[in-house]
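Going by the order they are written in, the chains are A, B, C and D; count residues from 1 in each one.
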């Protein structure tokens, strides 16, 4: 994470333990190291071409039938009411105001019903693990409350050991100690077994349930091109390229570096989202230029909420959207789809 | 920027807010990062060859009919009287004394007439945005006052949002609050719309006006080889490879890394200038070896003026010219055009 | 080494001189540099593939007839009772409890008999230098006490000069001053001549003695593929790719970077161990993916023992085994042999 | 330079201004940067091969008819009596004791006669600039006093401007102010014109004079392979690959990176020396593996003399020779010429 004044304010507001939880350094990353996902984004370079006489940049896209003014979404995080007393509500308000989708973790304390009441583009994110029936029940809950879709996260649904918790902090234990329920469980965070792990067959069966209820499905945690292809052949309506913020392991391939190969393998029919390392509008444009449809931002949102509440979240999202429009317009593109692949290069490191 | 004693003196003289404005860190650069334009220059290596028996190095070039003793110019910056009470006058004096061209921003507070009275090689730099008529009026003003030529800057004529101001400081607001006029506007800095953006047709039309008045035109903000080629086909007499000092965005391609490809595409007929990352005479020689005719330096000049006034600017320019001559002579070249392309290499990073 | 809280505790417990001895910086490494072996591991990236529907990851392997639950071993170090009053005993206990092999240096103060009494998979590591008869005697001792095998270390059996001792500390002098014996010598650490150096013929003869006594032999200190091949043609039963922790010289090739080429040259018949830079379970999986059978960890174990005794060693080993299982399971492999070579890449640096 | 305790002691002994003079940072190097010549050496990696059964490593070579026990020499530096009251005498004693050649700058205050009286392998180093007659006179002086040979340094014989003095300190002015003479001038350091620069014809004529007096000639400052080839065709008996310690310019190609190409172009008939970045015996072995015959060390010697006098110099040289022998023996070579080119690789950066 950067060492900006904003982050400093968030560190004070959250306290050190929670700040480190949000930061989420994995077990294998030296304390002095920078976030590998951010470093991966920092190595790309763009070439502006401004005299194309655009009458204005349209950064909007259509995402599952809704018009987004910017190719941006806010990603899921656990334990919302631990991180801010208000919970995720103000984030939902900000997303609603800016017209951006919000992904909500089953590990949120705020009831899904309340979130959906404040924002009409909320997706429920479930861990792809444990009994199929549990996932099916949660999908039914999502449909009942009017969620827009389902995210199934297939990478690291559970941490195999408490000591491996990113930042050394267990959000699940904290929720349990306060006697709170989450969307996914009446008693804290549902413990799910790592094994037997879900197979493609499991994912396909559960996803089919969602679609029967009219809910599109995004498979999250894809980093291999062949997995992306497989996911879009009957399992999911879209994929989210993600290494779960590098929280489990600092040496998963960076999502941004896998994007081109995944897009090439998957074609342009289905949406591809990217999660991990998105910190500003420059990252959003780079993600678009490499083949993503929507960039998903999480940590800066959580930190903004901690440091400045709803106003800070809104200001952050507006800033990222402005940056996206500015960089894209300087590229000389009328729409984000028009960015030429020759306008992006990658430094050796 | 480097952390030299000179920079330290400038930081004290300017105060922190103005120093950061000059430094101009873009929104996407981590606070601890080095200037990407400087880093790009730092990766080149030269191979000296000294026994060629030169009777002396001639670093001079002919630039639009004038003889320059060194392939160096001082670039444009805004709000001259905010940064130093004396304004740009002492810089003009130093450039006149050293025989170097000076580019003057339309955002300067000092009237163009006064600058031209102190130096006979002053170019007026305009933002290529807004109504053509406004640009035409300013070109007429430049011709009337005896400017040597026009620079049209095509990258980032306006910042889309106050919060994206480099360093978080609005020089325009500061000028307006003091009730000052600039060359380009009687009431501060003229607000120009980003859209509709100028097209090649706009640039060509405005440039034609300049040439009718006998003023050559340089198009600034080129980073794509094809844009350089297009610019020199009827729009401009020369181009300036520039990412506007990386002030808008830290991940525009570095000018020095684009230079070879641009020169190869554009041929040797028209002058190519480079702006961004020039800090010493070694950079000037590297720029020349990669195909630039003239290296344009800005920030070190502004900082020298702040720290030590006219004498410091003169000393800085003399130092850079000496360094240029020294490095070039050690290369064994009789003139800068003789530097062999095999004498320059680039490290992996 | 990392700058973790654990390392900090170890530094306090050991004192600065001993901590630096364990750290073992070679003469040619700048004080501010990171450990080159760790840096080499940090440049690899893995691609997880989780939907293969595994019913559980089996990280176990068979190693010389014993089942290991994880492909991990604890490596040899000198002067055990200098570094911790208890000596290596608690480490042996921990390895016994976790089912991991332990390599024991002939430079240990604790008698081999005592160590073997606490753990039934102890290998004795000898320096491949000096008179063959001395090595033969030690091998006979190992057989007599029930050791599981012999490691012959062929790189840097002696330091050519006291001043080149890693960390500037002579563990041998310290042992001698206390009047202690080691496994290999009744009077401190046996001084062995660098020259004449052992040849393949010497190594083969000594190894043959071991095998006659039923003890398998591992040749340690291999970095060249052809040496690995030669070692497995009649000299040793396995090889350990190692640069002796980079303690002698900071610019030996990193073991992890040599692994693929060595495995390719040596085939899959004989076990290949790797030593140097193993700090966590991610390193273990990377080593496996590149062709190693067993990863050997030393420094973290010594530091854990110093900071927290037997419990800390056990906790460290459990943590590394958990990390290994977690990363491997996220890779989607049912066994470690199934990791696809396309799932591992290496960054440019 | 490294930040070792030894360097710290030298900084205290020399004072800051002189320490910075020795450090010699060029005008274009950011204050925080590491020495590019050292960094270049740090990127090489060696592969040890120890079981070749050597009976001992012979690191000796024959250098112009003398046997050196190690491929090491001490290089020239100016103003010896400014840097240490004793002047270069104790360095000459140490070199004599260790059997290493010493190169002596014409800018030394200690008379050549005195130095030669203490050591019988002293070469006089002259700047290849100014009137041929001056160089011829100095060569005659060298012959008269029994010097072993002449070094002509062809890169940067004079600094074009006082402000470009490395470290901002003028050793010449200091000598003049004390009223001292140097070997090359009765009144301080002889000012030599940069232009007209010497040509190959000048160098050849002056070198011929030296050879007529029985003095072999080394041409110093070669970085281009074709210059090395040209130098050895009738001008010089040997070449010294050098960028003058990077003191003039931080972006000259690093000597170690040019070595292979120069050796390949020049063949194996004539000796090739390397100067710049040699800090320990590992560097010496790397230089040898890349084609150098002799490695020339300067700064560590000057700092050792300042910090600890003659004993420290002797200890430093012994340490480097020991390191050289150790690394070479671990490579498995019987002589340094036997190091296989496959045993050396270079990291990407």
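We adopt the following convention: a residue touches a chain if its C-beta (ideal position, glycine included) is under 8 Å from a C-beta of that chain, and two chains touch if they have at least 3 such contacts.
On a predicted model such as this, the values are computed, not experimentally measured, just so you know.
**Q** So which chains count as neighbours of both chain C and chain D?
**A** Touching chain C as well as chain D, we find no chain at all.
**Q** Call it same or different for chain A and chain C: same when shared residue numbers make up over half of all numbers used at their interface.
**A** Since fewer than half of the residue numbers are used by both chains, the interface counts as different.
**Q** Quick check for the class: compute each chain's Cα centroid; which one is farthest from the centroid of chain B?
**A** Result for max centroid distance from chain B is chain C.
**Q** Rounded to the nearest 5 degrees, what angle rotates chain B onto chain D on CA?
**A** 90
**Q** If you average the CA atoms of chain A and of chain B, how far apart do the two points sit, in angstrom?
**A** 41
**Q** Averaging over Cα atoms per chain, report the distance between chain A and chain D in Å.
**A** The computed centroid separation for chain A versus chain D comes out at 58 Å.
**Q** In chain C, which residues are in touch with two or more of the other chains?
**A** Answer for chain C, listing residues that touch two or more other chains: 348-349.
**Q** If you connect every pair of chains that touch, what shape comes out? Choose line, ring, star, complete or other.
**A** Graph shape here is a ring: one loop, exactly two partners per chain.
**Q** Can you work out from the touch definition every pair of chains that touches here?
**A** Those chain pairs which touch are A-B, A-C, B-D, C-D.
**Q** Under the definition above, what is the set of chain D residues touching chain B in their complex?
**A** 27-28, 30-32, 128, 154-156, 159-161, 163-164, 194-203, 221, 223-224, 227, 230, 243, 248-254, 258, 348-349
**Q** Chain B touches which residues of chain A in the complex?
**A** By the definition above, chain A touches chain B via 2-4, 34, 38, 42, 44-57, 279-283, 286, 319, 322-323, 325-327, 329-330, 332, 343, 345, 347-349.
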